[in-house]
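The following pair of complexes shares a single chain, chain A, combined with chain B in the former and chain C in the latter.
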Partner chain A sequence: MKKIFLIGFKDLKIMFRDRAALILMLLAPFVLTIGLGLATGQMSSGTDSGISDIPVIIVNQDGGQLGDALVATFQSNDLANLVNPTISSDFEAAKKEVDNDHAAAAILVPAGFTNSIIPQDIETISSDTIQIVLYTNPSRPTSAGVIRSILESFLNQVETGKVSGTIVIGQMVTSGLISIDQAQAAGEAYGQSLADSGMATGSIKITSVDGEETSSTNVNTLALLAPGMALMFLMYTVSNGGRSLLVERNQGTLARLAVTPSRVGEVLAGKMFGIFLTGVAQMIILIGATSLLYHLQWGDPLGLAVLILAAVFGATGWGLLLCAIAKTPGQVSTIGSAVMLIFGILGGSFFSLSALPDWVQWISHVSPNAWGMDGFTTLALGGHLSNLAGPILGLLVMGALLFVISSVVINRRGIIRA
Partner chain B sequence: MPPILQASHLVKRYGDFTAVDDISFEIQEGEIFSLLGPNGAGKTTTISMLSTLYTPTGGDAEIGGFSVTRSPMAVRCLIGVVPQELALYDDLSARENLNFWGNMYGLSGKTLQTRVDEVLEQIGMTDRANQRVKTYSGGMKRRVNIGVGLLHKPRLLFMDEPTVGIDPQSRRAILDSVKDLNKGGMTVLYTTHYMEEAQELSDRVGIIDHGKLIAIGTQSELTRQVGEMDTLRLHVGENDPVEALVQALQGMPGIQKADQSDHTIDVITPSSEEVLAPVITKANEIGVKIRSVDIQEPDLESVFLHLTGRALRD
Partner chain C sequence: MNKILAIIYKEIKVRFASPSEWLFFFILPVIFTLILSASTGPSNSDNRILLPVVDQANSTLSAQLLTELERSESVKVQIVTLERAQSKFDSRRYNAVLILPENFTTETTDKSVQFMQQPGSTDALIAKQAVQSALQKVSSISDIAEKSVAEAEKVKPFASEAERQAYYDLALRQAETGLNEAPSRLSTVTGSLDTSSEDEILYDPRANSSAGQMLTWVFIPLLGLSGTFAYERHAGTLRRLMTTPTERSTFLFGTILAQVLTALLQMALLVGFGALVMKVNWGQSPAALIVMLVASALAASAMGTMLGTFVKTEGQANGLSIMLGMTMALLGGCWYPLELFPAAVQTAVKVLPTTWAMNGLIEILLRNGGLVDVLPFAGVLLGFAVLFFTIGIARFKYE
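Right, the complex of A and B next:
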């Protein structure tokens, strides 16, 4: 075990003495994060660089309880810092405001929305629910995403209320507590109660990925953008680490390691530990620096720490695999750069994966970036360690699997000892 | 006393190519044994098998009683390796390199620090110990490369062409350090394609070519094996009776042959020491003035030439 640590810390020291590598590991993610932040216009001035006062225009043509409840939700105190809603009666005018980049999104609550969910009389019952229309600004993907998230939470709650209301009223009729004639009035009362107690009090929450409700007020643009860049350049770091194994083979130090009283497994594990350590150091520096410089809120510290370790572990597996399949250090660099970009795109470092088809989102999870982004987004939206089971498990399985495959290939090729 | 190294029928093949072909030899404790051969003869492959880096295709070797194939970890504790190529971390200093490699050999704490200081002193790098290796000259790097192999005081040190590509001064320093190490009791297996190094350093020499060990023994044993003679070259005066002297020398005991060429006479003899005095006496008797004498003893180069029909550097 001691030798694994020795090799790992030696590699960490060497990596941090390589100026070119440091620039790509640490400076490049910073520059790109800031650049993308400026390009998408999502970095506000002042001390709080996070999302706030997202301009949204609501056109409420419904006139029912649910339409009013939606407006009340956006005007609630809980969302006061996050969104800046404007009420309008003309949806076309609202869309123009969005097109002119004066608003991140426009919401249309069509007439009859409430009635499509809570019918006012038997005759108006319809199996079709009138859809709320969300018109978003493509140049503000994150802000639009936040509005969409609030809206989806509202609709989820309405849907839940609709189903539970149907069941409750049905059971009341079946058990004889109310008559069929009274069912309509009871349903309306239930709907009103839902609108009053559930939404008008401002308790709407943004639902996190695994369904737990969390506060919506900690969302921060850079907290979504910075992890993407950090994860993408983590792939550079791990491929550079994997490359170091072949560099050591060429410079003879690997053979020298192999004739010390050490096992091949120790040498390989030491190299992997070195890649892992370097990746962790890079992530800690990036996260620490963005926290200090831009006051980023990365979320639950414990969840963050575990997620970093898991993300680096998963990425390290890829670094080792690159080394196992490449013949020269140059090949690792070339393939590594390509993988870094592909994983960056697939993993959502440049844009939200939600815009992509489901099958692409599924495939994207071959990259540690996608799992990592899932985790960082969860944390940025207020999630905790308990919400990160999926990403962490995915990353750990990925890292372990790739380590085993790489070890077999490296041994078969006789890279360390022939 | 059993040999510290006993190689038995070592073979290493890469597909159809046989890099080492059925090599067997022994090295006694305290000996400097050289493997002499041209580039590509199989020296490095042999050392790689003996140091457990490569697994032999056939045969085995025992070092300190441990098999290199069955007990490689025990073998690695006994040996030190100075590879042909510099195997150092350029971005670490000499001290950091030595610390790292010492740790890898199981040294730690005060023992490690003491050994690092001793080795730095031994290789003359104390003054520049804390500068990064990449700032050193080629000779300095070579010295650190050797130092790494000495840290854990191995019983048997493998040195694979440690003087390749360095200046004469550094080369001299390395050869002297090998002698010093041997005087201190360390057994050395030294590979080289420089005949002079093998001659200067070795107690015994193995000559290797095309993967085969074609001759083994002390230098005099090797020259005797191939029947090589000393050459006594006499430089004589222009008008002296040279032909008379040549005729007289040809009949003298201990002299195989005498040839005249311009103003020199080459006397071929099994022992130049034994015939030198009688030759000078005879020249004086005949009236030939000897201006100077060169004694050319047979060397390993001539042995290699005799055995293979090629020069070492061909």
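Right, the complex of A and C next:
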């Protein structure tokens, strides 16, 4: 047992002295976590998607109350963080700004828009529907989508008000409650009451499952991005650990170890323990550093600790397998880097896999990353150790299975022999 | 000239000595492109986001809401059981779930629906917007009917509850017809630099993925050029080469040219894959595309040359090229559109060549841009190339 510990700690020391390895073990995941954090806006706006201050140009040629109301909506305090509207009189110039990527969209409220909905001037009224024009920036699809949904919501309110007035007054006339002569005055009074109180739209609330009204999720996305990146670069650490076994064989230190009174199993277990220790140290440093810097809440600490140990155990199995099947240290590095990236993307370290077919999601669980991310998501959503049985069991079975297979192959190939 | 060709031949032979090089040269970029385009946006057949709905109410109101959601252009409704929804949500296979509780009926005064969303999921946000929009429509219909009854009651109370209900039902039907038959008052036009073309280019995440992944996987090995120099120095082959009648500039030029040519071949393969398999509109302006690809490859190889003067070992170079390549790709908008970044970061990332390379390719793919439109982007990339080559060559150590 002592020998296993000695070999393990020796490998841990060697790994943390290797500056080149430290770049990929610690620096790369940390820098990428910060980059992804910026992309999701967790370090800036605090909004769900990270999108804020969307530049939009409004050209209001309407001159009526609805055109003014649209401008007021975009300038309202409610949207102050989300959009950054600019008023212009030249729609062609506004389109140019969008083409030059200085704005996400340009809006044109054409002349006569109000009059086409609330006829005031019989002389100029047109039977054609006058449409608001939205000119969008193709390289800012999400921002343009937000502007479009604000416009749709505004137009829905306008339409609701118009239909509401027609029905309320029309029904009163047809049921004989008021006469046709009284309709105009009743319509004006009703219109005024709508303008004063606003047409009640969206009276049905959206709540989260626990009954809270949702405005945004309480989970900090970084709490998922950080372990995602840590798990991806954990694969680098374990493959580098596996590689060290072949390096030791080439340098002859393995042969020297084999002539000492140590069994092959002890040497292999020691190497595995070294990889495991390095992986655990890497995960603790990465998760600890991101927690301290961004005040992340990880949920149940016991669940977190067990999940980290299980994830590193599963990944260590892969490190040993790479060493067992590769012929040279260079091959372990190359295949290891490829496996690291494939497992990273399959495990959901970069993007959500929900849009992919079920079989891809099923296959993704061949990676420790996918099981690990399942566990970290459960923790981020408030789960405890008891909810982590699936991921932890999956990782432990993976690690044990890969250890057995690797041991058999390493033994057959005689990698650890004098 | 012969020496340069010999160096180019040697470089290419060394690089492709192991078949595993193809993993990074073509296979991984293709896998990443496919997964990224599938996971960030619509596919060809149905571009809507899946919205699983648990209908526990089975009421008129829930049916109205489902009909309204089915009309949505952004979500595709799928009715599921609560157990299935919970299990798939827990395993991150559903980004969002809408639950219509048993009391979601017209009779309930304080109506609400439940919405579960995965943290940080853009799909969940889009789905939520669609739900909000459908709810607004459905509640508008019942709000109009309630208002109509309230206004009538102000003039004269109803004789019976049945009369009141009939008045309400009629208003409800009229409101539904009125809102459903309302004309569209919004016209959306997607921006394009080529006003002569009548084809409107719609946003296609596959175009973003194809361009972004190509840049990522071309930048990483070109930054790895630093590793080639470190290897030659470490192995002593550089010293030996310098004892032959070969100019230093010939060695540098040949080595860099070999990597640029390999990168251009890699780009051609990935562009071909994007155009033929993913149907990305790469053929819009071949001249503009060639200019952008050459300028990007030069800027990246120049950066690799400069980096080569700072690293000591091949291992350091490999680690740094993967880290810098991935980080610069991420921050340059190659993985996610730059619009998702805060304004200050969008400005700051203009110091990265990947930002200019990606924006130039977007100009061609999404804005119908031509040669003149991409010249500013190519110009900046060439500026980067001159700057990095100058630093790299000035600091280069031959021993």
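In the analysis below, the second predicted complex is superposed on the first by the 240 of 418 C-alpha atoms of A that agree within 3 Å, B and C clash if a C-alpha of one lies under 4 Å from a C-alpha of the other, contacts with A are read in each partner's own complex, and residues count from 1 in each chain.
In this section, a residue touches a chain if its C-beta (ideal position, glycine included) is under 8 Å from a C-beta of that chain, and two chains touch if they have at least 3 such contacts.
Source: prediction; values computed, not measured.
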item: Which superposed partner A:404 touches (first chain B, second chain C, both, neither); value: neither
item: First (chain B), second (chain C), both or neither touched by A:145; value: second
item: First, second, both or neither for A:53, with chain B first and chain C second; value: second
item: Partner touching more residues of chain A, whether chain B or chain C; value: C
item: Touching partner for A:98 - first (chain B), second (chain C), both, neither; value: second
item: Those residues of chain A which chain B touches in one complex and chain C touches in the other; value: 18
item: Residues of chain A that touch chain C when the two form their complex; value: 18-21, 23-24, 27-28, 31-32, 35-36, 38-45, 48-53, 95, 98-99, 101, 104, 117, 129-145, 148-149, 151-153, 155-156, 158-160, 162-164, 166-168, 170-172, 175, 177-178, 190, 199-209, 214, 217, 219-221, 223-225, 330-331, 333-335, 337-338, 341-342, 345-346, 348, 350-356, 358, 360-361, 373-374, 377-378, 380-381
item: Of chain A, residues touching chain B in the complex; value: 2-3, 6, 10, 13-14, 17-18, 251-253, 255-263, 417-418
item: In the complex with chain A, residue positions of chain C that touch it; value: 18, 20, 23-24, 28, 31-32, 35-36, 38-41, 49-50, 90-95, 99, 110-123, 125-126, 128-129, 131-133, 135-140, 142-144, 147-148, 151-152, 155-156, 167, 170-171, 174-175, 178-179, 182-193, 201-203, 205, 313, 315-316, 318-320, 322-323, 326-327, 330-331, 335-345, 359, 362, 366-367
item: Touch list for chain B against partner chain A, complex; value: 48, 51-55, 73, 76-77, 79, 81, 83, 85-92, 96, 100-101, 103-106, 148
